[in-house]
Every structure is written in structure tokens, then in C-alpha cells.
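Chain lettering (A, B, C and D) follows the sequence in which the chains are written, and residue indices restart at 1 in each chain.
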Amino acid sequence: MSNFPGLEGRTFGVTPVETVRKLSGLEFLQGLIDGTLPVPPIGRAMGFLLKEVKPGYACFTCTPTFEHYNPIGSVHGGLAGTLLDSCMSCAVQTNLAAGQGYTTLEYRVHLVRGMTDKTGEVRAEGRVVHAGRRTSTAEGRIVDANGKLYAHGTTTCIVLDL
Amino acid sequence: MSNFPGLEGRTFGVTPVETVRKLSGLEFLQGLIDGTLPVPPIGRAMGFLLKEVKPGYACFTCTPTFEHYNPIGSVHGGLAGTLLDSCMSCAVQTNLAAGQGYTTLEYRVHLVRGMTDKTGEVRAEGRVVHAGRRTSTAEGRIVDANGKLYAHGTTTCIVLDL
Amino acid sequence: MSNFPGLEGRTFGVTPVETVRKLSGLEFLQGLIDGTLPVPPIGRAMGFLLKEVKPGYACFTCTPTFEHYNPIGSVHGGLAGTLLDSCMSCAVQTNLAAGQGYTTLEYRVHLVRGMTDKTGEVRAEGRVVHAGRRTSTAEGRIVDANGKLYAHGTTTCIVLDL
Amino acid sequence: MSNFPGLEGRTFGVTPVETVRKLSGLEFLQGLIDGTLPVPPIGRAMGFLLKEVKPGYACFTCTPTFEHYNPIGSVHGGLAGTLLDSCMSCAVQTNLAAGQGYTTLEYRVHLVRGMTDKTGEVRAEGRVVHAGRRTSTAEGRIVDANGKLYAHGTTTCIVLDL
């Protein structure tokens, strides 16, 4: 059970590496959206879902609630980091062939506007900037329904054979 | 109720700004440790607690579990970001006088080793690097019981009047 | 005298703060392009020039040469950082009114492809991402004549009264 | 000829890759200090020298001058980035065996205090934080003769076979 809206009726879990290995990055991520693969536990803990993928792009949605609050009454900066890490690394993953994996080496987060439980659903959109043979970079942005920017960032991932 | 170990019996919530305003950063953070102030909701969602503060330093603890997992079976990078953002910004907060607040402008996370549900309790330790009049920077590290490093990072915060 | 191409016949120096204070960010930067204000010494040391500004945007050009090389025979990563810091912070500056200044708090550089003395002229283009009252963020990219990407990054600046 | 103090009488150039390949990282860097290998051109352009290396550590020195100034009369942030990139990546290089090379994937720079031509000689000290098989991270600090901090940062490098 999740404390967060929008995750009702979903199955939570991880996907065995033998299954992951047979799928391209895009196939794997599409399975998470379609529900043929389980939503990861972190999605339940933090209340966010993968919504859309295409080559070089991934989008998650999340509705900030009181459950994301820091001690002083606004959304903790870790939510923005979690959403940006997710959308940026999955954008990188969309470019991977079956048998390839990746590891995120680092990500960074600019927090430009506070989120609250009044913000409504936000979209975290990741886009690949550089797709290299060994490493890739991506950028991400978190925006609300009106396109207002809350956070942005970049990441560096390394591509590996699974 | 929290799905995570170590948070049993704690009260969760946020502290009103009128209360925050009367306390120095160190007094406020010590209240979170002592339990005179409630544990923030994000601590329940992600399963981490403030354990120790002193001037220029803050330490959180967390035990990674299956609940933190990403789709491919290891701890999501958002946990490291959440813990580092917490310990680095609270380290900055230890230096603030009553009536002063802060906002985190940006943070960045190096993920150097994956965490799993076998890692055991980790410590996220933040230390102020530069304490300026208007802005402060801090660094943070996540280590396990043996001192093995899992992630590190830095942050930039701006200091404000509440 | 500069060791670098494209800077022939330019005057080098800094602009007194009393002059800077009377100009909007855009007027000041346009003066650097037009030559009514001197090219800064760093432009001579590293061989780069401001080429174009408009609200929220700044572009520098530079032709990498042997003079930029590191010990192992490719362009030092400090050139990309210098160009990105320049274009990103000047993009922020284009939004400032007369009497406002700024300080760069931090910048970061992704080096995605090595530059050499065969690369030819590159453009470092900065664009504002978030223009806030107290702080601004910007992103930048270094591309060659064919649009090939060499480096990218982001920055955080704080806005001040001069 | 260099416009900068402290580089008199040094030879400038790059080292052929066949020579680099035969040396450990520490041997190569010690050769740059001893003068058995040439100072790189970037050292002449920006006026800095490698001073000390030991396993996991590298230190450069530089005396900021008017030649490093930005348009508004203080040292350009690109100098801090160039020095930090140098000391952090060379710290990583100290751990490499003969036949191994590295590429800097990204670096970031916190500018916490402005440098001027009155600052005097600064030291840029890099230290390895994580030395992995495929990737390494390092941190760096720029301090003056009194230990006052001007800038700090971190980097991610990937280790390669030459």
C-alpha cells in the first residue's frame, strides 16, 4: 500500500536481472508504464510513476503531499533529486540495447522554487544531452501543470554490459 | 506509521514557523533529535532520522531496505540525494541564529558504490565548508558501519531572515 | 598582445565600477562586443571574445590552439569551464538593471568530447533557465561549427545591488 | 614566454603519448615538477605550476594577477575552475599504473570568495575521495598562504587503458 495518490491498484517490486537483460531500455521502461513489470518500491515510498518514454526522453509524474515535507513545512529537496535522478537516468536508459545496463555516476539538482501540497501534479522530464559509447549525460526539469519550473539538473551515467 | 526500522514510537509532523523563528539552528535541530519537535514526514517516507548535530556538522542515519529499491533491484539514487541534502543543509543550519533561515540552492551527489538491503545502517554526515554572510557551502558523505563510502556531495545554501 | 587568433586590434582592460553601475547588464555586455568597453584580460590570456547577447542569452567564441593544451596533448578542461562560466554568467547579466550586479556561486562542467587544435572555432552559448529575484540559474553548451557538442553545464548566480 | 610570475626559465610543451604510456601517473607528474617533462601550454596561458604530488594528492600553485581579470575587475571564475580541474584530475592520476589513462567526465566549482591581484600565491590542492576500478572521484580546494578558502569542488574521472 502506498500513502500517495495515483498509485492505487499497482503492483510493486523489482524485475529479475535475467528479464531486464533480454529487453532493450525502451522495452523495459515501457513495461513499467504498461504494468507488465512492477512499479519499483521507491515509487511507492516517494509516490511517483513513470508516465512516458521515447528515445532520449523519460517523464515521471508525482503529486507532492504533506508526506514529502521537511521539518519546516515545505517539500524536502530530496523529492526533486529523486525525480530528477529518475527521469534523467531513464532518459539515458531509453538508448540502451538489450544486454546493456548503466550506472549513474553523479547527478545535480538546482532547486529554484519550493514545492508544497498546493503545487499539484508535477512532471519530471529527462532528456539525453550526450549519448556516448561509454558514458552519457542528460538534463532534467520539474514543472507543474502550468509549465512553472521548480527544479532542474544534469547527470552523468556510465554504460555497461549486463 | 513508517515502513522503516528505527522510527517506531516517533511523532511525525512539521514545526510552525513561529516556533522555528525563536530557536537557533542548533536548538531547532537538537529538538528534532530529542523528540521535543516532531520527525518530518519525509523521514517517515524515506526512513531516516537526525542523530547528531554540533556547530558546522549534522549526521543522519538510515537503514536501506527493499522499500528503497529501484526497478532493477538496488537502492535508488534518490535515497543518497535525500540523505546528503539533509545532512549538508542541516550542517549549514547549525550555524544560524534565531530568526535566520536558509534555502538550498543546489546540491550534487556522487554515487560511488551501490547500497542494498545488506548494507546495514549508514551514516550521512554533513560538514560546512564555507560559512559566509549571505551564502554557505557544505559537503557530505554516506558511509556504512565500517566507514566504507557509498556517496558524497556538496551543496550551496543561501541564508535569509525568517 | 594576445597569443590567440581573433583578438587582433582589441583594447584590453577592466571597466570601472562607476561606469558599470550606470549601465544595464545588456548595455554593458553590448559595449564589450562593440569595443566601446575594453576586452577583459582573461579574454587575452585564454583567447576568447563575447560575440552576441540578447535578453537571457550570451555567446562567446574561441578557437582552441596548442596554447590551451594540457600535458598529454589535448585541450585542458579549464578552457571549457572558463567559456561556460563566461557565457552562463553573462546570460544572467543580460537580465540585470542598471545598479544591479551578480556573483557566480557555483558552476559545473560536463566534458563530453575533447577539443584539439583541429576543432576550429567553437561557440559557448549560455541561456538563463530560472531568473529569480535573488538568484538565477543558467545552462551553457560549447559546440563547433557543425553543432557538435563538446561540453555543457549549469550555474547558480546571486543577484546583488552594486 | 609567459606573462605570469614563477614560470621563468621553464620549457613548455606536451609529452608524447608513447612516453606517457611507459610511466605511472606518479612518475609522469613528478617529471612535470622536476622539469624532466615540459610544463603544459595551459600552464603558460593561465600562469600555474604543479608543485607537489603524492599518492591520492596533487597541489598546484598560482599567483592571480591583472591578466586573470574579468570585465568588472576581479579574477575570472575560470581560473578557479582551471586550477581545481588540474589538481583534482592529477590527484586521480597519481593512482594510475603505467599504461592507464583517464578522462575527466565532469567537474564543479564553488566560488566562495573572490580572488584579486592582492591575494598572493594560492594553492590548489586535490585529493582522491573514491578510487574505483572504472571511475574515481576527487575533491579540491583553493587556499591562500593563510589557509583562507577561495573555491572548492569535486570531479568524476573515468579510468582507461592508453
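Following the convention adopted for this analysis, a residue touches a chain if its C-beta (ideal position, glycine included) is under 8 Å from a C-beta of that chain, and two chains touch if they have at least 3 such contacts.
Being a predicted model, the structure only gives us computed values, none of them experimental.
K.L.:
Quick check on the contact graph: shortest path length from chain B to chain D, in steps?
P.N.:
Minimum step count, chain B to chain D: 1.
K.L.:
Which is it for copies chain A and chain B: same residues on both faces, with over half shared, or different residues?
P.N.:
Homomeric contact, same residues on both sides for the most part.
K.L.:
Measuring centre to centre, with centres taken as mean CA positions, what chain is farthest from chain D?
P.N.:
So the farthest one, by centre of C-alpha atoms, is A.
K.L.:
Where the CA atoms of chain A average out and where those of chain B average out, how many Å apart are those spots?
P.N.:
A distance of 21 Å separates the two centres.
K.L.:
From the C-alpha centre of chain B to that of chain C, how far is it in Å?
P.N.:
That pair's centroid distance is 36 Å.
K.L.:
Give the residues of chain C touching no fewer than two other chains, as numbers and ranges.
P.N.:
Residue numbers touching two or more other chains: 105-106, 108, 110, 135, 137, 156.
K.L.:
Can you tell me which positions in chain D touch chain B when the two form their complex?
P.N.:
Of all residues in chain D, those touching chain B are 108, 110, 112-113, 129-130, 132, 135, 137, 139, 149, 152-154, 156.
K.L.:
Over in the complex, which chain B residues touch chain C? Could you list them?
P.N.:
Interface residues on the chain B side: 105-106, 108, 134-135, 137, 156, 158.
K.L.:
Under the definition above, what is the set of chain D residues touching chain C in their complex?
P.N.:
The touching residues are 3, 14-17, 20, 28, 32, 37-38, 40-42, 44-47, 66-73, 76-79, 81-83, 85-86, 89, 101, 103-111, 114.
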